[in-house]
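Two complexes come next, and they have one chain in common, chain A, joined by chain B in the first and chain C in the second.
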Partner chain A sequence: MAEITIESISKSFSGVKAVDNVSLTIHDGEFMVLLGPSGCGKTTLLRLIAGFDLPDAGRISIGDRDVTVSPPGRRDIAMVFQSYALFPHLRVFDNVAFGLRMHHVAREEVTSRVREAAELMGIDAFLNRYPTQLSGGQRQRVAVARALVMRPSVILMDEPLSNLDALLRLQMRAELKHLLQDIKTTTVYVTHDQVEALSMGDRTAVMRDGAILQCASPMEVYDRPGDVFVATFIGNPPMNIVRGVARDSTVAVEGVEVRLPEASNFPAAAEVTVGIRAENIEVHSEPHHGALPATVAVIEPLGSHLLLTLAAGAETIKASVRTDFPVKRGDSVWLELREGSVRLLGAVTESARST
Partner chain B sequence: MSAAIRRHRRRASPQRQLAYAAAGLITAFMLFPLYLIGVAALQPRTAVFDYPRALYPSPFSIESVAFFLSATGILPALGRSLLIGVMTVVLALALGCPAGYAIARYRFAGRDLVQLLIVSVRAFPILILAIPLAVTFINWNLYDSVLSVALVHTVMALPLTILLAASVFLRIPSELEEAAMSMGTSRFGAVWRIVLPLSRPGLGAAALFAFVLSWNEVFAAAVLTVRNPTLPAQIVGALGQSPLPFRFAGGLALTLPALVFIFFMRPYLFSAFGQARR
Partner chain C sequence: MSGQVEAPALRAAAGRPRPAVRFNRRQLEPYALLAPATIFMTLFFAWPALQTLLIAFQSAQGSFTLDNFGAMARDTDFRLAVRNTLLLLVLIIPIETTIALVMAVLAQSRLFGRDVMLYIWSIPLAVSDLAAGLVWFSIFTSHGYLNSVLQDLHLIAHPVGFLDYNNLGGLVTAIVLAEVWRSMSLVMVIIMSGIQAIPPELDEAAESLGAGAWQRFWKVTLPLLKPTLQVALILRTTTAFQVFGVVLALAGSALPVLAVKSESWVTEYRNYQLAATYAILILVLSSLSTVGYLLLLRTPREVFQR
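Right after this comes the complex of A and B.
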């Protein structure tokens, strides 16, 4: 049980900044997800916490101990690797027992704790097998058991589910979340899968180019993204990004004014980037007051709903409607941007305008 | 198994037979002379001059071998050769493993240069080094000793040992070491408990090369010893004046220990932990 404090930490690899002046506090017992595309620095940040790499600048504490330069074995952490990193020459039992033996735990206690962890992960039938004799899902369970058996202050997970097939991943996702909620151990979980990030974390830190863009609860990140990158990285389909003109507490998109949830920082009319989720757009088949006219370009039935791709003036907008919504390609529809769900994602800058 | 795969297997089978036949031929080409030496050594001394040659020792006799072994200096030379071989293996692995590990795992300044220098050790002909080496060992009071030959053999074996060890370590994911270290062991502990056990096949091959190199090496052994020669040095020295049966028995004595060593190293050469064969 411990809080992790990361203070202005930086790490470069041959001149490239992998982690750039990042500060983050992970609360005791919290499930923190580091989310971002590959190369964003999330794995480097995890490895800095683990102690596999040492930072160029900054400070890391776990609990009230400064561990910035401590070796990995002295940090009271346990790590689950993407590749599982099971020792191929040791049986499952000895894999799980490895850490306990390194800490000179008494033989009887090793046996009982390994059995306990194995039962918890449902691998007690395989303790005598070698890792190569196990399926991917079973190896994953052994890797988690090997971390849990240490009863660490912090569990670090580096894309632990990415080597599993889709169905198993779904099952393990729920199981891991359930397990980690039960044991209440501080967890840092690295993933590039936004669904994992949304579904598992207490908070999600979205990273890009070595920096944390936004760190908040999954719903907050989904609903109120801090910028265009976060808005388009999270959610499927990604948030619609359109141009608008903001003034006071309204924004006009393609000439249609919508009220904003709160007053904007733009007393005078300013060109802004506006974000709105597909499910927050009401689609009408008749002209509607305060709705912008659009033409249906693509209809994609997705089982639970239809995803429409619409052309509204210069903008392309995606909206989801119920499956019984009567629509065909080329139809004219009217889009009502649901009040309170329109997000201002900042003023349009010169560089953004030119693209 | 689908029909397509079965058909594929059947089609591949003549090629496979061809490959086996080729492998058999090459093996026979290498082994047959050794076999003939063995046959000649295990026949009565007069049978060596028979023609056509016998394909198996008939009548069987250890007369030649016994004569060879009882010759002055042969048994002590055999013992010295074995001892030097083992010392070379131990020294080459003890020095080569850390060096190979450093090359495999660390990006240090001058890494490429070090690699080049290691290989270039073999570029110096032992012929040119022989006199300075002999002088140095005389100064160090090591001349004509087992240790001096073992040291030179170690130097000769090291480049290959280091490069083999480096390539073996490179193939072991560093995540395994990191996992071990995160569970409370030092880097050395991780290497000792995880990397070395997983490297046994590759390091076994390195040990084999070092031993065979030392066992077969004549020149340095001959220059650095006078009264305490190794077996090859002794045999080369005696070859000119010795009768034919003696030479065959010596040939057998030179081949056999290396074959026995290979036989015992075999499981380390071919076992692969990646395969689920346990």
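Right after this comes the complex of A and C.
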């Protein structure tokens, strides 16, 4: 168990900055998710923590040890790879025992610890098999057992669930979270799947272009995104982004004023980007005070709710309603942006205007 | 694989009645494509091999006999030829395999100038065995490069007869050097392809679990290279039993080996029976070594199934 401190770390690959001056503290026992699209630098950051790559600048410490240039084997970390990286020539038992043997652990202790880890992961029946004789889910379990058996200070996971089919992924997600909560080992988990990030992490660091845009609890990242990228990357559907004019503690969208949860930084009227989640829009079939008139363009039944795509003036807005809401394509509806859920995502700058 | 390809064809055939003997073009195509290679191999390899086998069991008059094997065993240089062939083999194969392994592993690392080194290392791939022998002959002969250099450095007063007919150590050393130099790059190329087939995460996984470079080589890389090494060793050992050009160039008849004996029974004495018998002995030894490697470097089937 240990705290990870990352200070101003940078890494370039042939001139391209993969990680650009990132600082991050991961608390002891915390489950930190690094989330971002491919190429955002999340895997590079993980590999820098693991020691597979060395940073161009900056400092990494695990616990109170500076490990910036330590080899991976001396960092007290264990890694779970996307491809599992099981040794194909070794049986499950020897795969799990590999690290203990490298550390010259006594034979009896190796056996007992391997059995313990295997029981925890539910693979004790397969100890005599080769990895190729296992299903994807079982291989995944072996990979986790091989990491856990080391009792490392830090567990690093690189998209560990992305090679599993959807149903198994759902099951392993809950199981991994349960397991890692129980053993309270500091975990860094890389994923591009925002649902995994929201559901598993204590905190989520959203990355883009080698930098961390926002690092906060999953609900905070979802509810109060720091910028337009985070707002649209997280959540399904992504947050609605519309133009508005803010002044004091109100914002006007398509000419309709809504109160903001707190006073804005705009004493004088300013053009701003406004974000609101689909579930925070109340849809009325009759004209309603303080609601924007809109036309229903698309109706998508999603089982638990209907997702409406609506045209409100120049804006396209998505809102979710209950499945029994009476609506058909082309209907006129009125959208009430729920007070307290409207987010200002910054002033509209010239560059934002052009995109 | 073939089952999957055939199944729809069979089903189609069952659905529509058609004469059983008539093949359509699609069914014949693969055979037509394979035919040239098959005919070539049959004509120029299988047929001569069968001829050799028959000749080894025939007297000069053409009747069946086992006498040729007795004659071979009584041949003056027979024991020497067997001993020398095996001696060269047990020196050449381990030396070149070890060097090739080291070079292949080094070639994997991101060293500066790696590509240039690879090109240089693979030059011997393009050199024939006789040419290789002649290159090293020009080095080791009495007036060769080595003697000139040693004399210029005043390390020796008179040329040393490295390749004298009675200098067994010199001859063997020269032949081993030439053979290793010539075939090492082939082994390296084979091993490199094997190393590249190993996912790099396996090395990283081992590294993160605390394995040092040496342990990763012994515990991960080498076991996973076993099938590759098997191929390289079988290929090189069967060709080492046939060692010919290099020996001929460097030692002539001073160091008898099986393939040179076989050749000389044809070219010098026109004794095709004895030459064929030597060839059959080489075949038997190669086959035995192949079976040996197959058993010795066996990998459990499960390991490489995907």
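Observations on the model:
We take it that the second predicted complex is superposed on the first by the 355 of 355 C-alpha atoms of A that agree within 3 Å, B and C clash if a C-alpha of one lies under 4 Å from a C-alpha of the other, contacts with A are read in each partner's own complex, and residues count from 1 in each chain.
Quick note on the criterion: a residue touches a chain if its C-beta (ideal position, glycine included) is under 8 Å from a C-beta of that chain, and two chains touch if they have at least 3 such contacts.
No experiment lies behind these values; they were computed from the predicted model shown.
Once the two complexes are overlaid through chain A, chain B and chain C clash, as defined at the top of the document.
In the superposition on chain A, A:T132 contacts both chain B and chain C. Of the two partner chains, both chain B and chain C are touched by A:M150. In the superposed model, A:S304 lies in contact with neither chain B nor chain C. Of the two partner chains placed by superposition, chain B and chain C are both touched by A:H103. In the superposition on chain A, A:S83 contacts both chain B and chain C.
Of the two partner chains placed by the overlay, chain B and chain C both lie in contact with A:A50. Of the two partner chains, neither chain B nor chain C is touched by A:S38.
Shared contact residues of chain A with chain B and chain C: 50-52, 71-74, 77-79, 81, 83, 85, 87-89, 98-99, 102-103, 130, 132-133, 146, 150. By the touch criterion stated above, chain C contacts chain A in their complex at residues 199, 201-202, 204-212, 215, 219-220, 223-224, 226, 299-300, 302-306.
For chain A in complex with chain B, the touching residues are 50-52, 71-75, 77-79, 81, 83, 85, 87-89, 98-99, 102-103, 130, 132-133, 146, 150. By the touch criterion stated above, chain B contacts chain A in their complex at residues 173, 175-176, 178-186, 189, 193-194, 197-198, 273-276, 278.
Interface residues of chain A facing chain C in the complex, by the touch rule stated above, are 50-52, 71-74, 77-79, 81, 83, 85-89, 98-99, 102-103, 129-130, 132-133, 146, 150.
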